[in-house]
Every structure is written in C-alpha cells, then in structure tokens.
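Just so it is clear, A, B, C, D and E label the chains in written order, and each chain counts residues from 1 on its own.
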Amino acid sequence: MNGEVGRPISRLLADVDGARCERKGDRRVRIDATPENLPAVLELLKGRAGYLHLSAITCIDWMDDGEFELIYHLWSYEDRNLVSAHIRIPREPGVYLSVYDLFEPAGFFERDIHEMYGVFFEGSPDQEKFILTEWNGPPPMRKDFDAEGWVQGTFQWEDYRPEWLQEIEEKGGGIAIKPEQARANTRKIRGWKQ
Amino acid sequence: MNAIVLPVVLPLLAAFLLPSLARIWSSAARVLGPVLMLVSLCVLWTTWGEHPTPFVVALGGFQPPMGIAFHVDSVAMLFAFLVAGGALLMWPAWTDDDTMPRLAALTLLLVAAATGLALSGDLFNVYVFYELLSVASFGLVSARRTGAAFAAGFRYLVISGFGSVLALLGIALIYLRTGTLNIAHLGQLAPESLADPFGLAAFALLLLGFGVKAELFPVNTWVPEVYAGSSARVAGLLAGVVSKLAVLVVVRMLVVVFPHDETRMLLLILGVVGVLSGELAAWSAKDMRRMLAFSSIGQLGMIFIAFSIPGEAGWVAGLALVLHHLVVKSGLFLIADRWGGALQSLTGAARVSPFTAGLFVLFALSLIGVPPLPGFWAKLQLVIGLVENGNGVYLGALLVFLAATVIEANYLFRLAVAMYAEGASSTVTAPSGGNRIGAAIFAAVLVAAVFLLNPLSEAIDDLAVVGNDATGYMDSLAGGAR
Amino acid sequence: MSTTHLLIELVLMPLVAFVVGLAMLLMLRKIGARLQRRVGPPLLQPLFDVIKLYSKRTQVSHGLLHEAGIVVAVGAYVAIETLVPVPGMNGIAEKGGLILLSYLMMVPSLGLALGVGQCANPNGSIGLSRAMTAMLAYDIPFMLVVFGVAWQFQTTNLVELVAVQQAGGIATWGIVENPLLAIAGLFGLQAMLGKQPFEIYVAPAEIATGPMVEMGGKFLGGLFVMQSFQFYTAGVLYTTMFLGGGENWFTFLIKIFVVVAIPLSVAFMFPRYRTEDMVRLVWKWPVILALLGLVVAVQ
Amino acid sequence: MNDFPLPVRAERSNPLARVFDELIDFCRARSMFMLHYCTGCGAIELPPAMTSRFDMERLGIQPMVTPRQADILLITGYVSIKTLKRVILTYEQMGSPKYVIGICSCTVNGGMYWQSYATAKKLNEYLPVDVYIAGCMPRPEAVIEGLRKLMGEIKAGRANSWERYFREYDRYLAAQQNLFGPNWQTPTDIIGEARDYQLYGPGTEGRHTELLQQHQVPLQPLRMTLHSDVEKSS
Amino acid sequence: MSVLDQLLVFAFMTGAVASFIGDRRFAGTLLAILYFGQFLLLVKLAPLGYGAQPVVSAWQPALFGEVLVWRMDALGWYFALITVVAGWLVTWYASGEWGQGYRERGGNLGLMHTAVAANVVAMLLLLSSGNLLSLFVGWELVSWAGFLLMVMNGRESGGVSGPAGLRYITYATLGAMALLAALAIAHHASGSFEYIDLIDAVDQMTGPTRVSLVIAFALAFTIKMGLLPFHLWQAPAYAYSPGPGGAFLGAISSRVGLWGLAMVFGSLIGIGRIAGIELIPGWFDLRDVFMWVAALTIVLPTFTALRQNDARLLLAWHGIGQGGYMLLGLAAGDALGTGGGLMHVLNHASYQAPLFLAVFAVMHRTGTSDLNRLGGLVARMPLTFLVMLIGIIGLAGLPPMNGFVSKYLVYISLLRQGEPLLFILAVIGTLGTVLSVFKLLHNTFLGQLRVEHMEVREAPWSMLIPMLLMASVVVVTGTAPGLVLDWVASAQAALGLPVLDHTLGGAAGLDMLWVSGVLVYGFAVGTLLFLSGNKSRRVHQFDNYAGGHFLTAENQYQYSDQFYAGLMHHIGGWYRASFTWAESVVIASVDAMSAAANGFFRRTQAVFLLLLATLGSVAWLLWGVGS
C-alpha cells in the first residue's frame, strides 16, 4: 500500500492545473502547487484522500528570489503518509489566503507566520501578536532582519572578561564575532521601533 | 293564626302575583321581593321578642297531631331569620331585563319554601316545602340559560328527584309505622315504634333524601356543576342558606325522633367523608367557583360532624359553624361573581380591586379558623366537642378535620398569594358595586361578630339548649297550638 | 496564688512555649534532614529565620486585616499558652478546660484566615478552603478523643486531669487506660499539625504555599512564631491528656518532644493526600478507633 | 555606571546598636530563603545542591515558592524578554533586603543566545544583580560557592545593591522601557516604596519615571473608607 | 392596669401608628422611639428576670365559657425582651436610607413597618399567654403575622417570596392544628384550658393520652422551630422577607417554638415524664427522640447552608441548625443543658439579626447577595464587616463570643450525661458552621474587590448603629455571660427546671472574663511582636503573587465559587434532598387523592350512587342494630 500512495494523489490532482506531484520517500510526497490552486489541492486532499490533519505550515524566506515559500504539511492517518504542498508567493506585498476554513489549526500557524515573517493571511481569524508580545521590531525571521545588529543596538553587554576568558581569547578562542566587529547598521533597524 | 305564618305566606303569594305585577309596574315588582324580605325580618324579629319559649302554630285550625303545624322555637326562628336575611342580601333578581320577574318569583318561592322548612313541625309539610324548594331552585339554577347551567340543572333535577322519592319513601315508612307525621308526636312515639331496623331504615332514607340539598356525601355530586353554572348569588343562596335548612330538617329528625348512636355514627361518617372529599377536591379545583363549591361541601361535612356530637356541645358547634359558614360562604360567592373564572386569571387581581382581595383574605382567614375571627371559635367548639366525646371514631373525625384545615389553608392562600403576586397583570374586572357592598356587609357582620363574641356565644349556647331539647319539642305539642 | 505570681506565670508561660516551640521547629527540620541523609540546619536556625524575617526592611501588607490576622494568630496562641498547665505553672488553666481549649485552638487559624482573605490572593483562598476542610476532618476524631478523655477522668479541667494521672502513676495515664483513644489522638495530632500526608492546604508547588502566599517579612515571621506555639501546644495537650502531664520539667520536655517527634517523623515518609482522600481517611480510621476507645471509656 | 554611589551605612555609635545591626546582618546571612526562577537549563543543578549531596539547608538556605517570602532570586538560565517582565515583577514583589543571583552565562551576556533578538543579555541592566555564577551550567559546588560569597557580603553588610533599584529606579526603568516599550508598568509602586522606607535617592525619579507616571494605573492601596471620601482607583 | 397591660396596649398602639403613618418619611424614627418605649416598659418588668412573681393582665375576656388569660413570667419576659429589642433595632435599621431604598425598589414600607409591629404584638401576646387558649390565639397571630412579613416582598424577592410564604403557612397551619389537637386533649384531660389544671391532670393521664399530648405539642412547636423533618419551609421564607423583617423573623420568630417546648419540657409535662415514655425499654425513650431530632437538625441544615450561594439563604439555613442546639440543650434536661439551650436563644438572636442586617446592608449597597458576585468589600464597608465578623464568630460558637458560652453549656451537659454521639453531632454542626460562615465572610468581604464595587460606600449610620448595638451584645454577653445567665436561671426557676449555678463569667468551670482577658493580653503581646518589625506598607490588590502574571481589572482574581470543592467532592453525594423528596411525595399523594375526589364529583353516575348509598346506609343501620 505504501508504495502506491503517490499514484492516487497524482491521479487526484490530475484535474488541477499546475499541481505537480512527486514522491520524495516512503512516506513523503511533495506537491508543487501554485498560489491559485493550492486551496483546491488542499480541499481535494482533505475531502478525497483522507488528509485530515494539517500538522504545520512552514514559511521560508527566499530573499534573493523575492518570494516566500509556504509549505502545508498534511498527514493522513489512514495512509500514514505526509504530503507537503509547496507554493511560492511574492515577498511584496506578502499576502496570501487563509486556509482556516479548511483546517482550523491553520489559524495558529498563520498567526505565527504573520508574526515571524509578516505574511498576511486574508481571512485568518486572528493575526494579533502571538508569542512576541513585546516585539516592536520587524518580523524577526525575515532574512533581511539583522538580528545581530538589532541586538547590538538594543542590549548592553556585561563587562565580563575574567582571566580565564582572556587567556582563551589570547589563544584566538572566545566568542566568534566580537561585539565590536558586528556588522549591521543599528540605526536603520532602530527606526522600526516607532 | 299567628303572624309567624306571614314569612311563608307572603312570599308565596307574591311569587304568584309578581309576574302579573311586573307587567303593570316593573319597578314595584323589582323591589317587591326585598321589601317582603324586610317585612319578614320585622315579623320574625317581633315574634322572637314576644315568644321566648317554643310554641306550635296549627294551620287551618286543626290541632296537631292531626292538623298541619308549624313548630316555632328559637332555632326555627333563627333559621327563618337567616333565610330572609340571606335572601335580602343575596337577592338575585336586581336585573333589569325580562328575566327579572321570573327570577324574583322563583326566589320568593324559594324563600317561602325555605322558611316553611325552618318552621314546619310536620313531616309531610316538610316534604311539601322541600319539593317547593326543589322546584324553585331548579328554575334558579338554570336561569342563566347557558348549556352548562342546563346540564347542571338537569343533573341537579335528577338527583333531587330521586332524593325526593327516597325521602317520600322514608316518610311513608314512618307513617306506616306510626300513623302520624307530626314530628313532636313522632318523637313521643319513636321509642316504641321506630327504634327498630324499620325505623332506622326510614331515617337513612330521610337522611339521604334531604341530604341532597344539604350537600351530604355522597349525594352531593351536583354541587360543583350547579354552583359553577348558576349565578354567584344563586350559588351563594343555595350554599349559604338552602343547604342549612336541609341540615336543620335532618338534625331535627335526628334529635327528636332518632336519637340513636347508630344514626349519629352514620351522620358522622358521611360528614367525615364529605369533609375529606370536599377539601381534597377543592385543593385541585381550577376555578374559584368550583373551589368554593367543594369547600362548601367540606364545610357542610364539618357541620354534619358537629351535629353528630351528642348533647348541647354538638349543637353549639353546629350552630356556630352554620352561622359562620353562611356569612363567609355567601360573601365569598359574591366575590366570585366576576372572579369565578380560571384561577390563573386571578393572578395579580389584588391590584384590580384591592378591596375585594382584602375581603377575600378576611373570609379565607375566618374560614380556616384564625383567631380571633369567628371561624376559630366555631371550630374550637367543634374540636372540644369532638374530643370531649372521647370516642375513637370522633377522634378520627378530629384528625380528619385538622388535616382538612391544613389543606384548606393551602388552597385558599395559594389563591390569596397569587392575587397579591407582584408584576402579574390580571385579566379580571372588579366585582360589581352591589356584590362588593353585599360582600362588605357580610365582612362587616364577620368583624362585628369578633367584637360581639360574648353575647353571640351566650345566644348560641341558649339556642343549643333549645335545639337539643327533644322533650321540650315534644312537650310543645301538649302546650297546644295558637 | 498571689497576683504577682499569676502575672509572672502569664508572662513566663508563653515565653517558655516560644522557646520550646522554636526547638521543636528545629527538630522538625533536623528530623527531615536526617531522614533524607542530610546534615540539616544549624542549632539556632529557627531563631535566625525569625529574626531575619522580622528585620526585613520592606514589609508588604494588604490592609489592616492582613496585619490583624497575624496579630490574632500569634496573640490567640499566647492566650492559649496560659490555659495549658505545665509543671509548676497552672496559669489560668482552671478557668477554662479541655473543651474551651479545643475551640480556642481554632481561633488562631481563623484569625490567620481573615488576614489571608484580605490578601486577595486566590491561592490563599484555596488554601483556606482546604485548611478549613482539613479542620472539619480532623476535629471530629479529635473531639471524640476529647470526649473520651473527659469521660474517662470525669473532668474537663486540665489541672485535675494532670492531678488524677499523676496520683495514680503510669497505670492511670490515658495512654495506658485507653490506648485506642491515644492512637486516635495521635492521628488527629498529625492532621492538626498540618504535616504530610495532610498538608494539601499548603501545597507549595501548586498553590504557592496556600495561605502563606502573600506573607513575607514579619508576617511570615509571625507565622513561624505561631507554628512554634502550635507544636508546643499540641505536644502539651497530648501529654496532658494521655501521658500524665509533667511531673517536672525534665520528664515533661521529654514527653512533649517525643509526642511531637512522632508525627514529624511520620510526615517525611509520606506524600500528601488530596483533600477528599484526606477527609475520607480521617473520617474512617481515627473515628473508628476513637469510637472503640469511647466504648472502652464508657464501660 | 555608578552615577549615584550608594550611601555607606554609618556604623552606629551606640555599641549595643552596632551589635544589634551585626546580629541582624548575621541572621540575614544565615537564613536565606531563595526563590528559584527556573528560566532555563541551570535549574537542573539546583536539586543536587539542595539534597543530600550538598545540602544547602545546613547553610540556612531553603527554597520558598513566592516572592513575598524569598530573600534571594535565583535566575537560572537565559531570560527571554517575555520572561524578563515576569522576573522584574517577581523581583519587585520581594521584600527588601533582597538579592539576585544570576546563574549560568546566559544571565551574564546572553551566553549561547548572545545573538538572539528575544533574549535579554545583561541582567544587571534591568535588576541589580549581586552575584553572577557563570558557567554553562555551573556545577552545584559553584552554586554553593556563589551563595557563600553572597553570604559573606551580607554578613559584612556590603550586599546592598538592592538599594540601587530604589535609589536609581529611573535608570533601571529606562532599560526596561527600552525593551518593553513606553507602556511598561509593574503593579508595584517602587517610588512610593522608596519614599516610605527612606530609600529615595537622587536617581529614583527622572525622565523615565515621568513617562511611567503619565500612563500609570494608580497603585494606591484600597483604603478602608467609612463614608464619602472614596477615591477613584481604577 | 398592670405593667403588662401597659406594654400590650403600647405595642398595639405602635402597630396602629405603623399602619396609619408607616409610609411617611419620619415613621421609622417615630416607631423606633415607640419600640424603645416598649423596651422601657419591659425594663420596668425586669424584676421578672430576677425571680419576681409573674405579672397578670387585668383584661380577661370570657368566651363560650372559656377565659383568656395573659400572664408574663420570667421565661416570657426573657423572650419578650429579645423580641422587643429585635423589633426596635430592625425598625431603626429600616428608618433611614434602607427604607428609602426599599421604597424606591418598589417595596411597601408602611406595610413592612406594620408587619413588624404586628409581629411584635403577636409575639408579646403569645409570650404572655396565661392559659392554653390564649396561647393558641397568640400562636396563630404569630404565625399569620409572620406570614404577612414573608409574602410582602413579592417583587423585591423576584417573586419567590409568595411560594415560600405559602409553604410556610401550610406548615404553620399543620402546626396550629397539632396545637389545637393538643388543646383538645388537654381540655379533655383537665376540663379546662388552664396550665395549672393541665399540670395536675398530667399525672392522671393514661399512657396513650400523655404520649399523644406530647406528640401533638411537639409537632406544633417543632414545626414552628423548623426542626427536622419540618424544616423545609423556613430558609426560603425567612431569606426572601424584606431585610429588617427577615432579621426579626430569623432572630426570634421561630424561637417561639422553643418557648413552647420549654413550657412542655418544663412545667406542663416535664422532661422527666417524657423521658419516662420508653420506646425501646431501657434504651430509647421519647426524650432521646427529641435529642436525636435536635442533633440531626444541627447537622443537616448546617451542611445544607454550606452549599448555599445566596448569603440570605445561607444564614436562614443556619438559623434552622442553631435551633437544634437550643432543643438539644433543653431536652438534655439538666441545669446546664436547659440553661445553655435557653441562653442560646438570646445569643442566636443577638448574632443572627445583625448578620441578616449586614447582608442586607451589602445588598443595599451592591444590589446582590450572591456570594459569587461579591468580594473585597472590607475596604469599602469596614464597619459592616466588623458586624459580620462578630456575628459569625458568635454563630460559629467560638470563644470569646456569646455563642460559645451557650454551646459550651450544652456540650458539658452532654458530656456529663455520657452522650458521645450527640456530642459529636453537635461538634460537627459547629465545624460545619465555621466552614460555612467563613465562606460567607470571605466571599462577601475578603478577596479582590470587584471593579463594579469600587465606588461602593459604607452603609449609613442609621443602619450601622443598630447593627453595632446588636454586635456589641454578642461581645458583652460573651465576656460576661452571667448577665444573661441570671435571666436564664429565673426562667428555669419559673419552668420548674433545675436552676443553673453560675457566676458573672459563666458556669461549669468556664470563666469567660478570664478567657476574654487573657485573649486581650495575648492580642496585646501579638501586636507588640508585630510592631517590633519594620513598618508595613499597604499595596494595591493587584500587587499580588499570581505566578508572574500581571493582574488587571479585567480578570477576576478571586476564588469563591464552589468554595469547598474538595469537601464536596467527598460529601457532595450525600446530599440526597430526601426531605424535599418526602415533601413532594406528600404533595403528590394529596394531589392524587384530590384528583380522585375531583373525578368522583365529575364522573360519578349520581343516581346510581344515590341508590347505592341508600342501600348501603340502610344495610349498615340494619345490621348495626341487628347485631
């Protein structure tokens, strides 16, 4: 049975334009979909193939391509198979549809992705702050966010240089990047804090 | 001839004349009845004043035991007085329409018959008046001309008719044995000729026959329908006055002719069952009229229990209960005239007419027997009488009576509480002015009785002596008629 | 007894109780440490704790009642100490008695409960609810025991109780005359001291020590004082009821320390019961024992 | 950093009073109730320190569960910004004198989270830390060593950095506001407390406390009132 | 005209004044003054409380050959004192802002004043009754006056007062009928309604008569007291009366049942004779029945109270439970027990009334008595809190308040008689009370103040002073119980019971003067110890340990619902509502019989029945005579 799962899914998706199905492993199938047909794909998977469980939505920031990749991981308890549906949306403005109507847990994932990447999901029930209640900065998981620079601009450092550390540093050890060698321009990022 | 016959004769005559008078002069006809009642009251009052001792009036000059006689003693006078007074207050024929003459005539007939019953000293006479009374009440009951009224009237007619037959049978049996129908004479003859199963059977027949009007269990099944179907005043008249006359007849027979333990026991048992059935039925009655009707069955049961107590104690309790019930139940029926519908519609009625609701509470309190209202003293006499007797059955009756009072308190005050419920709006209208005034007069009598308890208690004690004095009754025969 | 004498006793009795009670607190911690193979705190640790707590610079109060609660908790025990007889000092023990004492011992907890209530902390309130439930639970066998003892010796007067037992020697001690009651009493004592397995009402991890949640500084210090009084009182009361009171201070101290040591040792061997399980337990075995003891006593 | 040096406690002239002060310092040192705020992995080293192997209790140290009862706040591991808020709330609810011990490198400079946007780096910036125990994680010996060091400081009457929080509140508040935004507020009225207990210093109030007071929800206690003069306190 | 007559006339006058001008603004004050006049007249009768001879009324109406006699003895005076003081203080309470508020909420203030006055008059008539007939008259008046007070609160109580009152009056009528039966039996036995004749006749009675007399009396009085199993009416009836009325009823009204039982146990029949009626020879006699009923009455209603979430119901249920202590002491029969039982009447009145009033003061200010909707009010209503605190300590029966003293006497009495089970039931009742009243206090006054109650103000002085006066009685008579024990001893003497040997500080080895003194000393020491620490600083209620959570006004940080969840987890299943079930069974059976009777009247073939009845009657008579 396990060897067969790829086939029914591809047959299922045959009618969907632009959805490509690819077996990646014993229990993994990758679907490459388009932002337009993803809802249809998910609906088919849920309604026809028994993929009832949306285990996660993942986001990857392809800064250089100017795109976000959203990956919807669906699990079927019957087939014991994980399907990952990949789509890419433009980084600007970074808006996509919510699948909350289809999978209720999507609300949490979308809220999380909104917080971390700034992707806005239309129709998601709640896009308020989730974990980073104190955060005023840019979405921190975006590749263009300079965490180190932000840290340099926000925090102070303890003057902590015990002898044993100095000894290690003399030997070239210690902290990999010293604070004074930090890269980013902190001013620019502090501008976010308004 | 004595003026005492006037309260019987005048209404009787007027009853026949009134329809004709009404055609000529209707307003005169309308007031004729009440005026006659007033006259009767005056006559009775003066007679009572003149003749403190019992006496016999022979009608048509034939001396008893051969002739037809009125036996006039203070008890009879009291009942006659109550009839006239009750009829005056409850006069049902104040209407302006064409039913007035008939109603008035029937009422006059009823009054004449009832007064006759109270005064009559002759069993045949009693029967005649009883029949007259029945006829009059049939007419009154169905005077409303609704289906319910006719059905109730028919039921009443059937039971009443059979009751009459039974009574007649009893009278016949007695006559067969003794050859006389004069009660006093019967009393003299009874120890020899009627103190056997034959005589007792006759008493049972009489008891049940007359018991129909006296709301005696189990021949009282007409009561709720009739009271619910007829006009409140008629119901009040029947429940308050007429039933008491039937009781009087039965009790007279009991005391004078059949003073046996068995007869008393029969009366007691029927009374106890009556109390139970009446109060229990009232507990789940759905409208006020039926509730009052059932309650009056229960009250009559109590009266029977009271009269079944041997000796003056029974008479004291019985008379007190009779008077109290007459006043209270008449008042309640007046209230129920417009408030007779479903009990739910009375929720919040206190705000429609606080005065009437207040009267209701007053009557209810007295009915339950809350001191210092007269009801309490009447019931106290009953309780003491029962327990003084000491007999097991009487104690059982006492327990039933006490339990029935609890039930009575519950259903009466369930209604009272509902009347005073806040926030509910009642759909009933305030009782008519006449009814309110009538009820108020009864209430005034009740309250006045509280303050006059002392003279009243003495008067009742005197009456009880007279009522219980069987030899005195018989001796009156010897005294000759006037 | 002269007035001066009485006044001296009134001052001395609570003072002795405090000192002995602190020693008992130390004993509690030492026993726990030894059972867990630790060294345990130094000798004066309870004193250090109390002094430190009273010397806290900032003290947080939630209102007058919060403060009054501590005052009542400590003060009522001070009063109670004058009502229990110790060797050489009867105080005003003859003015009260066993039953008065049983009820008076609820007053400190209830005073504390008022204070906790004003702290406006639900953890405290939950703790109170549990503590009250525990009180309802253990007081039933305890009062049965009190009844049995009073019946056995035909008096509720503590002084007479001691006198009777001392006059007859060990054979007339409550524990000999009625061991069942003594066992039931010990059971009650365990619950009364609020030690494991009956310490659901403090439950540090889940309701943050229950009633003590908002108590810091001298408030907590007051509670330490109160607890030392509580240990002492429990020990003395039990000794008076079952062990013939104290002939002299030496035997007296031995008795009360032994009495208190038993529940404290038991405590460290048990986890805690849930409230309803505690109620079930305390209403079953101690009550049965006490009732059996009563049968013996009444015979 | 030390803009406002702490006033040195004058030795009292009365020898009795001096003994009294010393006694109190001694007791404070020998009776430390700690609240271990187990923010991270360092907490795992505390149970060994408490139980039979190392037995903290022989030093008079015992764990407590609420800040009200505690003297030492042990912060054992990295402090995320969200956690820091709670740490500050907890610290402010403790009764003075109070001491903070930062355990693990994370409390010193963020440790392995030095680069993380969500983890506070220098704990001393937000709270006056008395002792750091560095290491990842420090062993129980090290923890006890740190505690003993603190003990010695207390005994000598030198462990007064908690006063800094009152006397230089504005500075600490500045760092907190920098991290949590201008709407930051704790339920404890530090300034009022400082006034009440003569801990008011030149740095207690300043620019940042002004900002705080602009939006502050009133923190006056509910005063018992008999009649009309009910203050609005919501 | 004796002083008693003056008192009764004065009380009538108060009632008349109340009914005529009761709804005026100044009426409350005027009435309070009039009640105070009654109180002064009672003070004039004070020798009664110290052993003087009874005072007889000059007015003795005779009806139907029976005489109504009014005579006040020490027992009656003791109860009357409580009654009049309760009436006085609750009227004072209602005279000011409370009355205004009541009227604004749609209540009929004039009627309420009238009802309270009527209750006082009826109580005085009852308590000074000199024979059985006047006792019955007074009894019924008290019942119906109470009924008036209970049902008049229709809209205020959300419409539940009517059904509650109806239930009450049904029970009360049952009791009254039992009393009537007792009267009848007494009259039968002694030939009159005089107490003396009855006392003489008791010895000559046959066993069954005496038993039925005791049962009839007991039924009447226990129903009024709300003892098991006739307790169901009491709590809702009292709880939903208008505030001062509820306080008056709860304080004294149901205690007339105890008054009656005291007469029965004391003079009329005698506890010794009752103990002589053995049900299981050697094991169980009628007195034991009373004691066990009393003990169960202590326990079951108290634990019912524990489950209430409405402060008024909670208190009303406790009122029932406390009645158990009184009867338990009274049935114990010795000097200690009866003394404790009788003293508990005053004690109970002295704390139950202010507790009710405090709850109503809270209701007046916040509009609710739901314990889950209150909290933290101590900061806003401290004096009301103080009143409630004193009241609950008294109610729980803890030293040093007066409730402890009377319970102590009962305990010692049980101890001396060797009744461990009754003793432990009494203790369980006390413990349950402690739990329950603490919940009352905690959920009302402690914990977090709710946002909507931030602006609440302390009750006005017109309400506070009466409450504080009553609370001070709790404290004073707790410290010096001898004040009350003097009266109790006189009442015992008047009843022919053994007289309690007491001092100012108490009895039976208890000296509350010392106990209170040493408590004050202890508190002083505690205060000194407390002040030895640095001064404390008050903080806001949100500055609170919440596991690091930030508290705001939005989230309720309060623990009040299901306050004793753990306990209820264990004993919750023991609440079976058996009495409610039994009551509903009775109602259902009456209902069934009623339906049968109705059916009889509706369906029966009348003529057939008539013939049947005739035949039956004739046959019965014939056979009856023949045999």
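Throughout what follows, a contact is a pair of C-beta atoms (placed from the backbone, for glycine too) under 8 Å apart; a residue touches a chain by one contact, two chains touch by 3 or more.
From a predicted model like this one, the values you see are computed outputs, not experimental measurements.
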Every chain in contact with both chain C and chain D is listed here as E
Work out which chains are contact partners of both chain A and chain D. none
Dominant interface by contact count, named by its two chains: C-E
How many Å are there between the centre of chain B and the centre of chain E, using C-alpha atoms for each centre? 44
So, what's the distance in Å between the C-alpha centres of chain E and chain C? 36
Give, as an integer number of Å, the spacing between the C-alpha centres of chain C and chain A. 61
Can you compute the centre-to-centre distance for chain D and chain E, using the mean CA position of each chain? Integer Å is fine. 57
Numbers and ranges of chain C residues touching at least 2 other chains: 53, 55-60, 62-63, 208, 213-214, 217
Among the residues of chain D, which ones contact at least 2 other chains? 66-68, 85, 93, 193, 196-197, 221-222, 224
Using the contact rule from the top, write out all pairs of chains that touch. A-D, B-E, C-D, C-E, D-E
Taking the complex as given, what residues does chain B use to touch chain E? 155, 158-159, 162-163, 166, 196-197, 200-201, 203-205, 207-208, 212, 218-224, 260, 262-263, 265-266, 270, 276-278, 280-281, 283-285, 294, 316, 365, 368, 370-372, 376-377, 379-381, 383-384, 386-388, 390, 398-399, 402-403, 405-407, 409-410, 413-414, 417-418, 420-423, 453-454, 457, 460-461
Residue positions on chain D within touch of chain E in the complex are 66-68, 85-87, 89-90, 93, 186-189, 192-193, 196-197, 218-228, 230, 232-234
Spell out the part of chain C that touches chain E in their complex, as residue ranges. 10, 14, 53-63, 65, 67, 70-80, 82-83, 92, 94-97, 99-100, 103-104, 106-107, 110, 113-114, 117-123, 125-126, 128-130, 132-133, 135-136, 139-140, 143-144, 147-148, 150-151, 156-157, 200, 208, 213-214, 217-219, 221-222, 225, 274-276, 279-280, 291, 294, 298
Contacting residues of chain C [partner chain D, same complex]: 29, 33, 36-42, 45, 47-49, 51-53, 55-60, 62-64, 204-205, 208-209, 212-217, 220
Touching residues on chain D, where the partner in the complex is chain C: 23-24, 26-28, 30-31, 51-52, 55, 57-58, 60, 64-71, 93-97, 193, 196-197, 199, 221-222, 224
